[in-house]
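Right, I'll just put the structure down here and ask away after.
Labels A, B, C and D are assigned to the chains in the order they are written; within every chain, residues are numbered from 1.
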Amino acid sequence: MNRSIYLLKRIALALPVILFGLTVTFLILYRGPLDPANAILGQDAAPSDVRRLRVALGYINPDGSPVPLWQQYYGVMSDLLLFDFGNSWAVQRNVSVASIIVSRMPATLWLGFWSVMVALVVGIPTGFFAGLRANSLSDYVASGGGIVWRAMPNFWLAVILAGSLTAGGLMSWYRHFPCGPNENPCAWRTDVVTTPSEVSNLFSTIDLFTGVPVLEMLFIPVPNGFNLLIAFKWILPAALVLGSASMGNEIRIGRTAVLESINSKYVETAKAKGLSPRRIIVKHVGRNAAIPLLPVIMGEFYLLIGGSVLVEKVFSINGLGNLFFRAIIVPDIPVVMALVFIFVLINVFVNITQDLLYTVIDPRVTLEDTG
Amino acid sequence: MASQSPPDADADPSADGDMAANGEEPLLSVSNLQTVFYTDKETIYAVDGIDFDVKRGETVGIVGESGSGKSVTARSIMGLIESPGKMLEGSSIRFDGQELTEFSAEEYQAIRGSGIGMVSQDPQQSLNPVYTVGNQIMEALEVNRGMSGEPARQEAIDLLEAVAIPDAARRLDEYPHEFSGGMRQRAVIAMMLACDPEFLICDEPTTALDVTIQAQILELLRDLQAEHGLSIIFITHDMGVIAEIADRVNVMYAGEIVEQAPVEELFADPKHPYTRGLLEAIPGRTEQGEQLRTIEGDVPTPNAPAEHCRFAPRCPVAFDACERIPPQPVTVEDGDEHTASCLLYPEGETEAERAEHHRAAAGERRRGRAESGGEP
Amino acid sequence: MSKVTERTQTEGGRETLVSVENLKKYYGGEGMFADPPVKAVDDVSFEIRRGETFGLVGESGSGKSTLGRTLVQLERATEGRVLFDGRDVTTLSGDELKQWRRNAQMVFQDPESSLNDRMTIGEIIMEPLSAHGWKTKQDRRERALELLSEVGLQEEHYYRYPHQFSGGQRQRIGIARALALEPEFVVLDEPVSALDVSVQAKIITLLEDLQAEFDLTYLFIAHDLSVIRHICDRVAVMYLGKIMELGETGELFESPANPYTQSLLSAIPRPDPTADRQRITLPGTPPSPRDPPVGCQFSTRCPAKIYPEEYDDLSDDVWDAIERFREVVRERSRQELGLVDQARLRLGLFSKYDDIDEAVADLFGGLDAPEAVTDAIESAREQVKAGNPDAAREALFDEFNGICDRERPVLQGVSDSGQQSYCHRHAPEYEPPETVLQRRSDDE
Amino acid sequence: MASSTNTQNAEPLRRDDSTVLSRIADNPWPAARWVAVMGVLVLLELGALLGGFLNVVEALLIAVTGLAEVTVGLVSSSLAAGILGFQQSAASTLSGLRADTEGIPTLLSRDVIPNQGYQPGGTGAWEGPFLGLEPAYAWALRLVLVLAYALVLSYWLFRGWLVFREHYRQMEWSPTDDVVDKLRTHRWGQFGIVILVLFLTMGLFGPAMGPTTVEQNILSPYTEDSRIEYYNAESGSVETVFAGEANFNAKSIGSQDSNVGPMTYDDYGRFHPFGTLTNGRDLFTFMMGGARISLIVTGIAIGLGTLLAGGLAMVSAFYRGSIDLGVLTLADGIVSVPRLLLLIMVSAVFANTWLGNILDGGFLLAVVFGLTIWPFLWRAVRGPALQVAQEAWVDAAKSFGQQPSIIMRKHMFPYIMGYLLIYASMSAGGIIISLSALSFLGNGLGISPPTPAWGRAVSLGQGLVSGPSWHISFIPGAMIVLLVTGMNAFGDGIRDAIDPESDTGEGGETTAAGGGG
C-alpha cells in the first residue's frame, strides 16, 4: 500500500477516536451533576446573576428554557474542531483559552522534553547493559533498580525529592549549584507560582500572549546559554520524577529485548561469519532490540500528560497539568475541554507517529499490518 | 586414510605426520567429541564420543532422526556451544592441523567464516531481518576479506549471481523478508561464500524447502563444491538427500555414530540394524501396497554415559549382551571404510567372542578418556 | 497399482463420495485500497470415490491445504460447489452444517498444536462427542477408551495430558479425535510431515489399518511424493491453486504426462546413490498467487513451454535467459516506490532502475541471441530504466507470447484409465511434453 | 478389539467418573488430616475471618448493585433509587451481621492481646497491656502472631491443593503442576506472593494489627467508647481522655517539640509504630485502614477490567475483521483521554453526589478504573488471543462443529488467563498508584476524608520531608512502593512459570504498570 494512502486511512481511523474521547468528556462535563454557575458565583449569589451567567455559558436560552443537550454538544464540538476554544470562565475570567494555554505551554514542553531525555539517556543504556550481562550481579542491581524505580509513585517521589532539596534537606546543595548560596538567579525555587522568566525567555522569539496558533509552539527557538542552564537546573528534579516510570520500563524492556536478540539465530549466523562480539552487539543486537522499545518510548508521552498534573503541582510548575487541575476544581469547562482536546490530539498524533516509525525501523512491518 | 577403529585413532601422533606427507591428512578430524548439556533435572549427553574425518573436497553426510545429536555436532565444531552446554575434556576437533578445542575466543572468531562456514536449517531466522541482504553479505566481505565500498558491492553482486539469484543488483538492496524461502537460503550460502571458507557445515539446509527448490540448492552446493574445492559436512534426516549429496555417511543415533560408510555401500549393504530399519521405513522404496517396516519405540534421551547399546530396546535382533556392553565401531567390510557399532560384528565370530571384543574396546576407550580427564 | 485393482475387484465399481465442482477460494482483495486477492484455489474440479485414498500433492503455496480445509467447510468457498453424497455442502449453515460435519473430519499437520494441551486425552477425544450430544456421558467415556486402543494407545493414557506424549503418539490422539464421530470422510492434512521417518511409517500403517476397518475415505494432503505414492489410490498434483495432473497413483508416477509432474518427480531425492537419472531442475520461483500468469500457471517455469513460431530456432539457453529476464521485469513491476522515489522519478533524478543493466549483462552475457531478441530486450531495458517496468512487462509479453502465455489450458484426459493433465501440449498440433523433455535432457 | 486384552487394567477407568467425594471415601486419611488442621485454624480466628468475609461480600454487593444503579439510572431514575434502597438495606444488614461476628471470640484479637494501657506511677509494670508487657511489645506480639497466622493459613490452603494432587486427582501430572513447581523455585515470584498475602492480611485483619482502631482513633475519637486511660505525670494520677484530645497533643508537624516519630510513645502512653500524622492520628492505624479501601477499589477495578478485556480479546481474536477493528477503535478512544485526567474529571464532577459517596468515593473510582484499564489489558492479551485462535486445536474444534462460546471458554480462555493474570497484577500496581495520587491531590478527589487513604498521608506530610516529621510522607509512599513491587514480582513469577520465553515487549505492561501517577 502506498504510504500516503496509508496515512490518509490512518487519519480517517483516528477521527472516531478523537470524537469518542471528546464525547465522553463532554458527557461527563455537561451531563454530569456539575453546576458551574453556582460554583463560580458561590451558593448565595443572586438568582438573577446566576441566570444571566447560565445564559452566557450557554446552558439556557435567554427566555429561560434549557438549551437542548445536542445543541450544546454541536456548539462545543464544532468550536473545538475549528480550534476556537472560547474564553475562560473562571481561571482567568474572559481571557481567551488559547492564550492561557499558550502561556502555560513552554513550561510543560520543557518539562516533557527533559523527562523524555532523562528516561532515554539513563533507561535504555542501563537496560542494554543489564541484558548483555544477564544474570550477573550488575544485572540484578540494574534490573532490580529498574523495578523499584518503576514502582515509585510520581507524586511521592516528587514530594520526597522536593523535600530533600529544600533548606535542611539531604540535597539542599542543589539549590546553590552552580553559583553559590547567595546568587539569586541560580537559586532553585519550589515556591514560584509563575514560570521563571528564564524559562519564558527560552522561547522569547515567539510572542506568547497574542494567541498564536498552538502548533506554532512546536517550532522551538534556539535558547541562549545561561538561561538554558538555569532553566535546566530548574526543571531537572521534576523531569527526573516524571521520567521515572518510563525509565524503569525502558530498563526492563531494553534488557529483555537484548536478551532475546542475543539468543537469536541471526546472531549465531553472524558469529559463524566470524564477526567480533563488539560488532555483533552494536550492529546486529542493537537495532533489533530497539524495535520493542519503540512503544515504550512512545508510551512516555501518555505517562507524561497524566503525570504532569501531579509533578507540576508538587514542584509548583505553572504548566498545562497544573492548569488542568485548577480548571477542573473551579470548574472552568472551556479550559478543561480545550486541554482534553489538545491531549487527545497529541495522543493520536503520537500513535500515528509510532506506526509510521515502526515501518521505518522494522522493515518487516508493512503498512497493512498496522492498520 | 580416514578409516580407523576410533579408540586408538589418535594414539600414534607420528602417524599424522606421515599422512600429511602423503597429502592425505583429513581437513577436519573429530575424535571422541563429547558435548553435554546440564539441565535442572539431568545431564544430557547430546553428543557422546563420536569420531569422524572429513577429507579435502569431499562431502560427509551426517544422518539421524531428531534428538540424535547431529546439530549439536555442527555447533560444537563451530565453537557455538554455550552454557548450559559444555564440550568435555578429551574432545578433539582438529582442523587443518590446529586443535580447535584449545582455541581462545578470539582465535575461534578468526577461524569462523574464513575457515569454517555454516548454513543452518532456517534461512528465515539466520538473516538479520533489519538489514538488507547486501549489507549482510558485504559485512562478511569486509570482515573476512577486507573488502569495502564499490568493489565489495560488485563482489556481492557476483556472489548472488553465483548462487543463481536473478537481478542480483536489485536484490542486494532488499530485506530478507522480501526473499522467498529458497532465495533466502541461497543468500545465506552466498554470505558464507563471501567469507571464502575451506569448509562448510550445512545443517539441514533444505529441510524447510520444497522439493523443486531443494533440488536447486543441492545442485548449487555440488557446483560450488567443484568450483571452490569446498569440504562439506551435510546434516540431514532425509536418507534421499544423503544419497544424492554425500560421499561418505555417518549415521547418528542418540548421540553416537552407529555406522560409517561410503554412501554406495551404506545403501547397498547397511550393517547396523538401526540403519536397516531407517531405510526400510522410507515409503516408496518398498512396493506400493506393501506394509512399511517400522521401528518400535522412541529415540531415548541419552542422559547417562552409555553402558549398553542405546538402540537395544528397539532392536529386532538384540540379545542379552546388548544390555550390558556399549558397542564400539568395528570394521565390517574390506577396505575398512565401513564401520558399525554393533555387537553383531565382527562377523564370523561367536557371540561370546564378539561381546568380549566390544567389552575390551570399550574398556580401552574409557581408559583413554580417564587419562585425558574426559570422564565426568 | 496392486492395491487399487484389488479393491476394485472386491468391491466392484466405486461410487463418488465427494465431488468438487469449479471450486475457488480467494483471500482478501476486498475494500478500496486492498491488493488483488490471493487466489489460493483457482477453479478446481475433481471427484473422490468412496473408500479410496485420494492424494493431493504440491509445494508450499500450491493451495492444497486450503483446498482440504474448504472441503470440510473450515473455509467458506468463494465460488463453486462441493457435493457430498450428491448434496452441496457449501450452502449449509447452522444445525444442518453441524449435522453434516459429523461426516467429514480432519487430522492436522502439527502434532504440537493440534491438541489443546490443557485438556486430558480423554477430554480431547470425547469433545466431538459432547459437542454433538452423543449418547450419555458414560457411553462417551467408553467410546473414548475404545478409540484409544483403536489407535494403538493404552487406556491408562486417558488421564494424561498431550505434553506427556511424543509427536507420533499425539498424532494418534488427533486421529482418534477425528474418528470419534464415525465419519465417512477424513481430510489428512500433512499428517506425517512433522514426524521422523521411523514414526512416520507407523502412522501411515495405522491410517491404512483404520481405513480398512472402518471403510474410510481419505483425502491425503502431502508434499512428500514418496508418502503419497505409498498410500494413495489416486492423486492430484497442484501448482499455484490449480490441479496440474490427476490420475491413478501407479500410472501417474510411472508415466507422468504433465511437465510439472515430471519435474516434481525428478526432483525427489531417491534413497539410492547409484540411481542415475535425468533431473529436470526447475528454474526460478513460483510467481505470486496475487499476480498469477495470464496463461498456464506453470508457464513461467515450464521446461516444455510452447514458444511462438517465429522464434522456432532459438536455443533453450536463450529462451531460459528470456524467461528469467521476464521474471526480473515482472518482479520490478510489482515493486512499489516510496513517495521520495516517485518524486525523484518525476524530476528525472531517479536511478534505482539503472541496475537493470547488470541483470541483462548477467543473463545474456555469454549468449548468442538473434537480433530480434536483443532488440526486444534492449527496448524493455530502456523502458525499465525510464521507470516504466509495467510497460516493459507488456512489451515483453507481446513479443514473446506463445499459447502457454496467452491461454489457460484445460484439464484433459490423457489415458484410458482417467489420467488427466493440464497442458497445452496434449493438443494434437503440438509435440507431447515427454518428447520435448527427453530432447532437452539429451541435449545437456 | 484390543480392549478385551486389557479389561483388567481398564476396569477402574471403565467405571463412571468417580467423584472426588468417592475418591476421598476410598482413602480418607490425607483429607481428614488436612481438614482437621484447617478446622483448628479457622476456629482460632472465626470471628475475624467471618468479618473479613462479610467485608468482601459487602464490597461485591455494592459493586454489583452500584453498576446496576448506574445502568438502570440511564433509563429510569426511580428504579435506580429502588436499587439504591435495596443496596443500603442490604449493606446495613451486612454491617449488623458483621457487628455480630465481632462477638464471636477470636484468639488474635485486641481483647485477648490488648496493648493499650498505662504505668501506674509513671514507671514499672504496665496496667492494661497483655501480661503487663510494654505496649510496644504487646502490639508487636499481636502483629507478629496475626501475620504468622495469615502466612500459615495461606500455606495450608496451598497444602490442600497438594493433598488433592497427591491423593485424589486422577491425573498424575497436569500442566498446572509445572507452573506451580516453577513458582516454588522462583524466589522473586514468591516474594511477590508473600507481599500480596501481607497486604491482604492488612485488609482483612487490619483492625487487629494496628495499635489502635480506625473507629477510635480516626472516625469517632470523641465518643465515650473512645476514651483512653493514661497516667498524668503532673497530677500523678490515672486519668481518662478522649482519643481526639490526646491526638491533638500528639501532632507531628515538623518541629522538634511537636513530633511523634516512628517507634515512639506519645504523652498518653500510646505506642506509634509509624509515628503520628499532622493531626496526631496514628499513622500505622491509618495505613491499615487505607489498605482496606485501596484493596477493595483495586479489586473491583481489576475484576471489571479483566472481565471486559478477556471477553473482548477472545471475541475479537475469534471473529477478527470488523469486530476486531471496532473493539480497537473503542479501546483507542478510551485510551485517548489520559486516564488520570479522566479520573480527576470524573472525581471532581461527581464529588458530593450519591454516586460519589458509595464506598467513600471508591466505588466510582473503581468503575472508572475498570472502564479505562481494559484497553491496556486487552491490547496486552490480544496478541496471545490471536495466537491461540490460530492454533490447530481451535480449527479442530470448529471442524466438528463446536459452538464458538465453548471454543472460547475451553480452548482459548485457559491460555489467555495466564496472561490476564500477569498483566492484571501489573496493572493493579498502576491502579494503586493512581488511586493514591488522587487522594494526594485532595480537593474532593480520591477517597473522601476522614476514611484513611495512603495518598492523603503523603499529602499531609508534604513539606515536612526534610524535618523530623519525615515519616508522614515517607512511610506511606514506601508502603506503596513495596506493594507495587510485590505485585510486579507476582506478575513476573507467573510469567516465568507459564511461559519462560515470552517477551515483555508489548505496550500493555508499560502503560499499565506506570499508571501515570
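Please note the rule applied: a contact is a pair of C-beta atoms (placed from the backbone, for glycine too) under 8 Å apart; a residue touches a chain by one contact, two chains touch by 3 or more.
The chain list, named the UniProt way, goes like this: A = ABC transporter permease; C = ABC transporter ATP-binding protein.
For clarity, every value in this text was computed on a predicted model and none was experimentally measured.
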item	value
Third chains touching both chain D and chain B	A, C
Two chains sharing the most contacts, counting C-beta pairs only	A-D
Whole-Å separation of chain centres (CA-atom averages), chain A (ABC transporter permease) against chain C	54
Distance from chain B to chain A (ABC transporter permease) - Cα centre to Cα centre, in angstrom	57
Interchain centroid distance [CA atoms averaged], chain A (ABC transporter permease)/chain D, Å	31
In chain A (ABC transporter permease), residues with contacts to at least two other chains	291
Touching residues on chain D, where the partner in the complex is chain A (ABC transporter permease)	329-330, 332-342, 344-346, 348-350, 353, 429, 433, 436-437, 440-441, 443-444, 455, 458, 461-467, 470, 473-474, 476-477, 480-481, 484-485, 488-489, 503-507, 509-511, 513-517
List of chain C residues in touch with chain D within their complex	69, 72-74, 97-98, 101-102, 104-106, 108-110, 113-120, 127-128, 131-132, 137-138, 141-142, 145-146, 149-150, 152, 154-156, 158-161, 163-164, 174, 177, 180-181
Chain B to chain C touching residues, read off their complex	65-66, 157, 161, 166-170, 180-183, 210-216, 218-219, 237-244, 246, 263-264, 267-268, 277-279, 281-289, 291-295, 298-299
Residues of chain A (ABC transporter permease) touching chain D in the complex	13, 16-21, 24-25, 28-29, 32-34, 147-148, 150-157, 159-160, 162-164, 166-170, 172, 245-246, 248-249, 252-253, 256-257, 260, 291-292, 295-296, 299, 302-303, 305-307, 309-310, 313-314, 324-325, 328-329, 331, 336, 339-340, 343-344, 347-348, 351
Complex contacts: residues of chain B adjacent to chain A (ABC transporter permease)	78, 80, 105, 109-114, 116-118, 120, 122, 125-131, 139-140, 143-144, 175, 177, 188, 191-192, 195
